[in-house]
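Presented sequentially are two complexes of chain A, the first with chain B as partner and the second with chain C.
Let's turn to the complex of A and B:
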């Protein structure tokens, strides 16, 4: 696609030729980007708008365009199952994010002490992130199965009274989601923190230690404050994973017992695709989008601000 | 820090032992599920009894693997997850290649041919990385129907390309920003065109980011469940959907060994990629999620 060689008629001066080639040059990048931009406008922004419109209709099995205002949102607000799903998200998301952060930071600090075989350990901590949440769910469902899994194993060791049947306990089942999700994602948080630790100037640490500060104190007062941006990104990524969690619930608990472990993502799918409640499902999808934006906008805002200031 | 901490004192030694013990304990926590999955998948059903979770198989057998691959029931059908494994491959390979190619061209145009508003377009596209996909499911289902792509592999490829391009564009854009612009400017002065510059100058240095993008897309699409379950038909299911169906099919005695073998089959491709190219995998994870 090199510009056309000088085949121009004498009437066209060099200036005209350059401007014609220039036009092509100016347009080609835009032409290359155009399909992606169009796709994004239609399939992301258009579809968001479309879902919003569906959420204002009384669509059931198939989309209909009979508008009922915000009635679906009102229905959602009085829907017990939606409240179970939302409060589950708060419990699951909160614990998942908090435990991943603590565990990830702890492992990263421990790994940062000039450990032999550091690479091998890192590989082991991180591999669950390569798996599908479906595989994770299937494995943990087997481990947490009271009859044959961990409970049965510990009882076999002689602790006959040992109980670990959260998977079938409606009050505790949501915590099994936390266990499996932490297992999958905490290694990734470790990797983020480790990269952050390696980026801290060694001389700061040495200076603090020469001042006589103990190692835990150095970490608490000097190192961890330096990691604030990492914490910020990690919280954003993890809460994002939590809001999107769908496959893990499907594979591990199926939303059960009953609907005790429903999350908004599974609520939306069930209502829109299997219970013929397209309008209600769309309303729940819009609220999920609102949740993501509530996390994303402050994050992007602070990113842009910090970039502008330095 | 070596000269500050004296390693040879007794206290320091004890601390060192505790440190390694804690790290090994954590390693056990991460490895246990994989180990149990592997052990269970080579046990005959008779050896799966309460309390034998960690026991090594007395008579190891590959029968659960062959059954999971070719005979186990996934819903109404009983032909194993093998066919669905190939479905996944048929979906993943084109989707990864197309989305990586588009991402590379986008990233190149956005960095080396900046124009007024190009940053805004990038921000516009980037938003696609962050939306919860529930918000596009219903319109997508209807659109695929209009296009005649409902329940087809082509439809799934299209969906994965559409929602993957935001990520691949991000990767390539952030990579090409760091490639010096002088070479490109010189080539422009010499009259080299858009594609020629891409082919001769950018592409030769792109190997690392291509690897990152391919691995990221491969892992994402192979592990996808939401799009698979929403848009595939009986014949076009990806392996994750088939695995979930297999585990939840309740006909006769539950064969946990077959479940675990099927889970291993679904997990192996991404695990192998991770072990072979872990460095690039981590880079993709951090680039794909941190740089907003």
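Let's turn to the complex of A and C:
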């Protein structure tokens, strides 16, 4: 897609050099933004629309335009594996967001006690965020492998009965995803909360202390309520990471054992790209989009509303 | 969309050159659209002779012997069967077990023709149960392991055997081992008279003019002995045409070719389901789901898995 020609053409004509410069000045931001707007319109929204259209067709390996209504969605609803993937997302997403919030807040509060070397510690906790999920996945795959990682190590210390084999246990494997993802993201949540804590006016805290509130009580009744906007942003960011999780699953469990740790994103990829079921894959992608929108729309709504009020 | 290669096929006599089963795979609506470059055999058993010696067992030739040998290997302190818990590897082992349990005719009915009676029948249940029993011969850490890591367990002498296609030979060769001495190969137990094939081929698109001439030349050259020999020596597979001189190849490849010709005549040559030769990709995927889910589940009964197979085949129609 190229920007529309009428936009790109400079205003021609003799004379009026000044007003031409003025026009250019007025148009320049729009002109510069036009290509990226056009590109995102086409590649993001255009492809979303295309995916939706494909989800209504019987496309197999290549797109076809034989419409079958919502049959692909109906097939999805009867697919065992889709339900495994969806319920995994609820378990994984819920635990991941909740644990990250709690751990992140705890770390931030502890770091906020004016300790020495705070900068160094902050970097230590934030560093996992600099890794890609693939690296995290591979490292945890080794750590959690019963014959190689933590279990083997503890057994090596003499605790022969020690068991930590969640990675190879179909019922528990989804929790290994939570462990790895929390390890990666809780430092980031900590940074968000730390910024929030630093933004709280000291005089509020002093007033609370003067009133005789104990430290835990100050945190519970004063500080945490002040952090509400941060919690909100953190939940937004974490939940979309959870819905989009793909690389972590691929690297850590490969979706296994069996397909016990499949998530909607890996389900979509498997069906659309390796099993020649573009129609079914598109339908699952649309449901994922629905999930993202269900989180995003209330967020945008409240953001816009509060801005109007503020 | 695919271009036909019938002229080359006729000029070169592909119909006589290629075994009928192979030729069928290369044709669409009666016309050749692809040229085969090799034939992989999927139903192989690989073993480390030192481990077998220490356990005092021979290469197993039936499923019962496999379980007996496995027990002995475990008692000698090794992992009997190296395996990687990935859907396609589960399916690769499963189709060999199914072949050993039900024979080629049953295999053809169940995994190629997707016959419901076969998919949901007693033989299938028996095959599934035997398949699940193989888990006892594997180690606990297999989940998600790549096949070549499993092969290296056999090479290193940590594990005794592995059920895997002949691409595993590439790993043994790369480790500097010699077939028949440092590692052993045999048809997967109970499948001596069968050959599950996985053919790599070059499919040709429809083009015109000069490009078409070049395309036809490529198709011709790909089946020439020079190419077939050089390519397959490197890849571990055997040539797609059975009439070549095999003196350069190792004993495993020679046995593979012998079995290939023998089964092509006797009717034991069947396409591999696990490697996309037998059924459409979506059916294959649905069958993978059932096989791997059953293999990894603690409480799914074989009957239920068989029923799910029938559903998988139906849903894909």
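Quick notes on this structure:
The rule we apply is simple: the second predicted complex is superposed on the first by the 282 of 310 C-alpha atoms of A that agree within 3 Å, B and C clash if a C-alpha of one lies under 4 Å from a C-alpha of the other, contacts with A are read in each partner's own complex, and residues count from 1 in each chain.
Going forward, contacts are C-beta pairs under 8 Å (C-beta built on N, C-alpha and C of every residue); 3 or more make two chains touch, one makes a residue touch a chain.
Here the structure is a predicted model, which is why all the values come from computation and not from measurement.
Look at A:209: by the touch rule set out above, it reaches chain B but stays clear of chain C.
In the superposition on chain A, A:111 makes contact with chain B only, while chain C stays out of contact range. By the document's definition of touching, neither partner reaches A:305: not chain B, not chain C.
With both structures placed on the common chain, the touch criterion links A:277 to chain C but leaves chain B unconnected. After superposition on the shared chain, chain A has more residues touched by B, the comparison being chain B against chain C.
Look at A:254: by the touch rule set out above, it reaches both chain B and chain C.
Touch criterion not met for A:163: it reaches neither chain B nor chain C. Of the two partner chains, both chain B and chain C are touched by A:148.
Taken together, the two structures place residues 141, 147-148, 254 of chain A in contact with chain B in one case and with chain C in the other.
Interface residues of chain C, counted against chain A in their complex, comprise 85-87, 139-144, 280-282, 284-285, 289, 292-293, 295-298, 308, 315. On chain A, the positions that touch chain B within their shared complex are 1-3, 21, 25-26, 28-30, 32-33, 35-37, 39-41, 43-48, 50-51, 54, 63, 107, 110-111, 113, 115, 121, 123-136, 138-143, 147-150, 152-153, 155-157, 183, 187-188, 191-192, 195, 205-206, 209-210, 215, 233, 236-237, 240, 243-244, 246-247, 250-251, 254, 264-265, 268-269, 272-273, 278, 281-282, 284-286, 288-289, 291-292, 296, 299-300, 303. Residues of chain B that touch chain A in their complex: 1, 4-5, 19-20, 22-23, 26-27, 29-34, 36-37, 40, 48-54, 102, 105-106, 109-110, 113, 115, 118, 121, 124-125, 127-128, 130-140, 142-143, 162-163, 165-166, 169, 188, 191-196, 219, 222-226, 229-230, 240, 243-244, 247-248, 256, 259-260, 263, 266-267, 270-271, 273-275, 278, 281-282, 285-286, 289-290, 292. Residues 60-61, 75, 78, 80-81, 141, 145-148, 165, 167-168, 170-171, 173, 253-254, 256-260, 270-271, 274-277 of chain A are the ones touching chain C in the complex.
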